[in-house]
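Common to both upcoming complexes is chain A, partnered first by chain B, then by chain C.
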Partner chain A sequence: MITLEEAQQWTCDACGKPLVMREVEFYYLNGSFHVNLPACPECGLVFINEALATGKMAEVEGILEDK
Partner chain B sequence: MEKDQRVAWEAKCIQEEPPACSTSCPLHIDIRQFMAQMAAGDLKAAYQTLKKKLPFPGILGRICEHPCEAACRRGEVGEALAIGALERYCVEHYGGPDPVKPLPRKNKQVAVLGSGMAGLTAALDLLNKGFRVTIFEQAQQLGGALRGFPEKLLPAAVIDAELAILDALRAEIQLDTACDTAFFTSLVENFDAVFVDVQAGANLVLPLERNPDGHMVNNAVTGATSMEGVFAGGEPDPGRAYSPLMEAYAGRKGALSIERFLQNAVIDYNRDKEGPYETLLYTNLAGIAPNFRELAEPLTEAAVRAEAGRCIQCECLECTKHCLYLKTYKKYPKVYVRQIFNNELVMHGAAHTKNKFVNSCTLCGQCQVVCPNDLFMGEVCLGSRHTMVEEEFMPPSAHEFALQDLEFSRSEAFSLCRHAPGFQESAYLYFPSCQLCSTSPAEVMESYHFLRNNLDGGVGLMLGCCGAPAYWGGRKELFGEIIGEMRQQWKEMGCPQIITACSSCQKIFKEFLPEIPLLSLWQILETPNVKKALPKATLPAKTVAIVDPCTARHDEKTQDRVRRAITERGLTIEELDHSRGMTECCGYGGLVFNANPDLTDETLRCRAAASNHDYLAYCALCRDQVAAAGKPVAHLIELLFGENDNRDPWQRGWLSWSERRENRSRVKETLGRQLWDEKPCEQEANKKMILHLDEEVQCTVDRRRILLDDIRQVISQSETQGRRLVNKDNGRCLASHTIGKITFWVEYAPHEDGFQVFNAYSHRMNITGVK
Partner chain C sequence: MKTSNPATGGGCPLTAPPLYETQALRQATGTVLRPGGLSLLNHALDKVRWQAGARILDVGCGTGASVAWLRRHHGLQATGIDPSRKLVEEARKAHPGLPVLRGRAESLPFGDVSLDGLLCECVLSLVPDASQALKEFYRVLRPGGLMILSDIYRRAEPASDAPPGQSCLSGAVGKTTLLQRLQDVGWRVRLWEDHSLLLAELAGRLIFQHGSLAAFWRQFLPDGAAREMMTAVKIMRPGYCLLIAEKVPCRDGEKLRLSDAISR
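Up next is the complex of A and B:
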């Protein structure tokens, strides 16, 4: 997952706020999940980094696709 | 997959068939395993292998006439293994027999009359199945003809030790028992079944039917005699020497029949593979160096291990020797067919664990060429892909990008079907293929001009996709739609001859549009009048290795034409090990590049390493795939029409997916403007956005199947709506945008006249809420 240290390098450009951990809901192929991820406290813009997208998320997508 | 179809496919793969040494042995000893164990010096395991099939291994191991040696395939490359000598060495040095434990006994009693090898084997097998056995022997001791072997060959002490097992298994033994008709009748009445060892009881007069030649009537498969419950075997064959092995087989056959008789089971069911038979196992001996026995008495352990090590461990695996895909999954087609069958039957909620396997076959047909029974795994996998699509468990990521690329080729951005300018009809219709336009747009356009100038009757142009990606992806409905459209367009053009420049298109046309008269570009360029007009490019002398496309595997004429075209231009050809009919797919076929990119990378790495010479392809996909592996490779069309191009075709390198689309559009726009005075479509504002990517980022993005247009859309949305993250340290922006089913993320910063892209990645999961 994404460390808060990494997330704190980023701010929401529209709201100007540093990111905080929020519960984010994902949906894919009839499955939904809740994951804590950095997001803008104001508008909810979520931060997903390369490692998460190409790692855990890709892995879970693969598992769901074979269900 | 229907069950009957599965069984038929499984039967074609003969890897699990036993080797010839085993099937020539009446008792089917696993000699291949025995040899491996002997070679490893594991005498105990080797003895256990013998014991599994060989009754009284201490006896038969010394006197068996080893018919396996005549069948040993090593004999065709050097000298057959000394199986008999190694068997003897094993039983002599192991020190058996192993102690036995009495088994729980059934209530059925069997009489065995005579104690030659047939009677002894029947008795032993029945005891091991838990029956109560009584052996009646006329002589003073058990063994019959066994007692006639020289002491040096078969010591009496060994016979006694081995036969002591019968006592340990609680057999009743009645020696010195004469048997007449009355006695025999009492046996039949008092026992549940009787086995007669015909060899041992040759002098007995029994009330059993005999043929006019005096031989006892008994069923060849079961040993059943004319009397119910009485089975016989072991009658000597007057035409053959005494065979203790065949006697043992007769006893085993009788014991199995008696077991089934006493269980009221069908006695002759599924017994066609008992005793010696011809195996279906195929073993390719090519490349195996001949070698010979080096055994001298007395045998040493080292000599025995070396001799056993000469065993070639017969197996087939022809397909896995050549196909990296079949080898990678570590089994063989018989197992794979069953796995695919099971994958389709998975109950809702459980995982379809073989989806990726099914989608990793290029459907190239090499396996069918090398399989002794023509099993084509491509047919198995394609059939399963149809099922996956129909039953909606085809993973979306497996083929989506390739199918989007197909849709691009069908879209206004590329597709076109026109008569040549100034013509109302076409004798020919040039179909250069979407992929050749992707990789060699200039040469496609030049070749079209050339064909128009040198063929009579008008040469129309058809740009589009033959539908191969839909076919490979198991999308029957979409593929049928594309084929229907092409047929309609061809008819509307007046049914001209189609000239193709792609082997995949050629194959699709031949199979699914057989009514269309076809010519390949290479074929038409060989016709004398056309050939005369062809630019005479002088090429520096060079040796090139030909990369035959898998779709031209069976098209020898095209293979020859290509080779002629190359040598006529002064190049020397090197044939790769996998060329012509044996060629292998570049990984694009079957859309494996999309479904299993790691396997494609490895396939290409091996393909690129097959020769030190530069490669020459005549399939656009092969060119691009091999180039992506870093191998210098040119396409034939570049040698024929690259006159105005000063580039070295071998050094052109890889093309990104975005470039491949841009090239297709360029062909349509350029020819449309030049020949039909068409105005190019108004470019969307996004497409004018200038992006800067260094080479590493370009490779990463391309490998993730992210197009520059996707990146432009993300940046455009970010710049107009301002929804993005900004890095406090370096000021870079990170924005995401969902296009279709995929969310793309781009890390970028404004740069000069456009944007510098530092990274891009994507995911398929949708963010549906933030708490």
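Up next is the complex of A and C:
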């Protein structure tokens, strides 16, 4: 999972604000998950890095898709 | 997904400390220690429509979350029983005055036909002698009384390649086997619902919290056993079910008391 220090290295391109860790709710195939992820404190855009997308999220998708 | 042993009171031999005592599981399930939390219980309560004041027993009550919920929000005369000293103490601390006892599912300290309803949530698969437990549940319930049972079950039968060790996963059986066990005792199943999505959601939370399911299991199992667990789980395709069963009256002519709310 991305740490606060890592999140603060990123800045929202639209708002110019450094990202902060925020609880985000994912929805996928009727399943929902609360996860702490970096997000823009201004517009709320969430940053999902490649490791998360191809790692945890892919594994969760596989389970929800009953694969 | 509890790993206490309702029959012996011992912890899961896979784990030290037992899985249910770890923050790893608590973070994903909260104090209810099972998929679905209280939402599945509320769904089942809508079906059984127990009247306020009804005498209800929660077998494998853990930290007492369901017992407290039944008493406070439904006016039920609920009691909990669990073999784990730690969980019973936690229940009493969290809910002062809550009636929770230590005891085994196969040997309930209650008289015959002394209860109106019974709960057994994510517990039966942990009981070494599930059939004996079902007989005990039947004995203590009044004729026409209803049991709410939720548990992990195998969506792929037969039961080969069981997960290593003793846990709710290794003790899970298929739908056919579970229904047969109930029928053998005399239970009449009034409702069967699949809620496997709740188990998938719990698995998803564990993945997000620990990086992967393999990483979660490696906290409790040697690396080889963790891999074996992952393989076995994939084969058994664990699901989660809710069922409501009725104690069919004895053959002495007592009349059935069926709830209109229960659908087949």
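To be clear about the criterion, the second predicted complex is superposed on the first by the 66 of 67 C-alpha atoms of A that agree within 3 Å, B and C clash if a C-alpha of one lies under 4 Å from a C-alpha of the other, contacts with A are read in each partner's own complex, and residues count from 1 in each chain.
The criterion applied here is as follows: contacts are C-beta pairs under 8 Å (C-beta built on N, C-alpha and C of every residue); 3 or more make two chains touch, one makes a residue touch a chain.
Fair warning: this is a prediction, and the values are worked out from it, not measured in the lab.
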item	value
Contacts of A:L45 with chain B and chain C, given as first, second, both or neither	first
Contacts of A:I63 with chain B and chain C, given as first, second, both or neither	both
First (chain B), second (chain C), both or neither touched by A:L4	neither
First (chain B), second (chain C), both or neither touched by A:S32	both
First (chain B), second (chain C), both or neither touched by A:V20	neither
Residues of chain A contacting chain B in one complex and chain C in the other	32-34, 60, 63, 66
Complex contacts: residues of chain C adjacent to chain A	196-197, 200-201, 203-205, 207-208, 211-213, 237
Chain A contact footprint on chain B (complex, rising order)	349-353, 355-356, 393, 395-398, 704, 722-729, 733-734, 736, 745, 759, 761-771
Chain B contact footprint on chain A (complex, rising order)	8-14, 19, 22-29, 32-34, 39, 43-48, 50, 53-54, 57-58, 60-63, 65-67
Chain A to chain C touching residues, read off their complex	1, 30-35, 55-56, 59-60, 63-64, 66
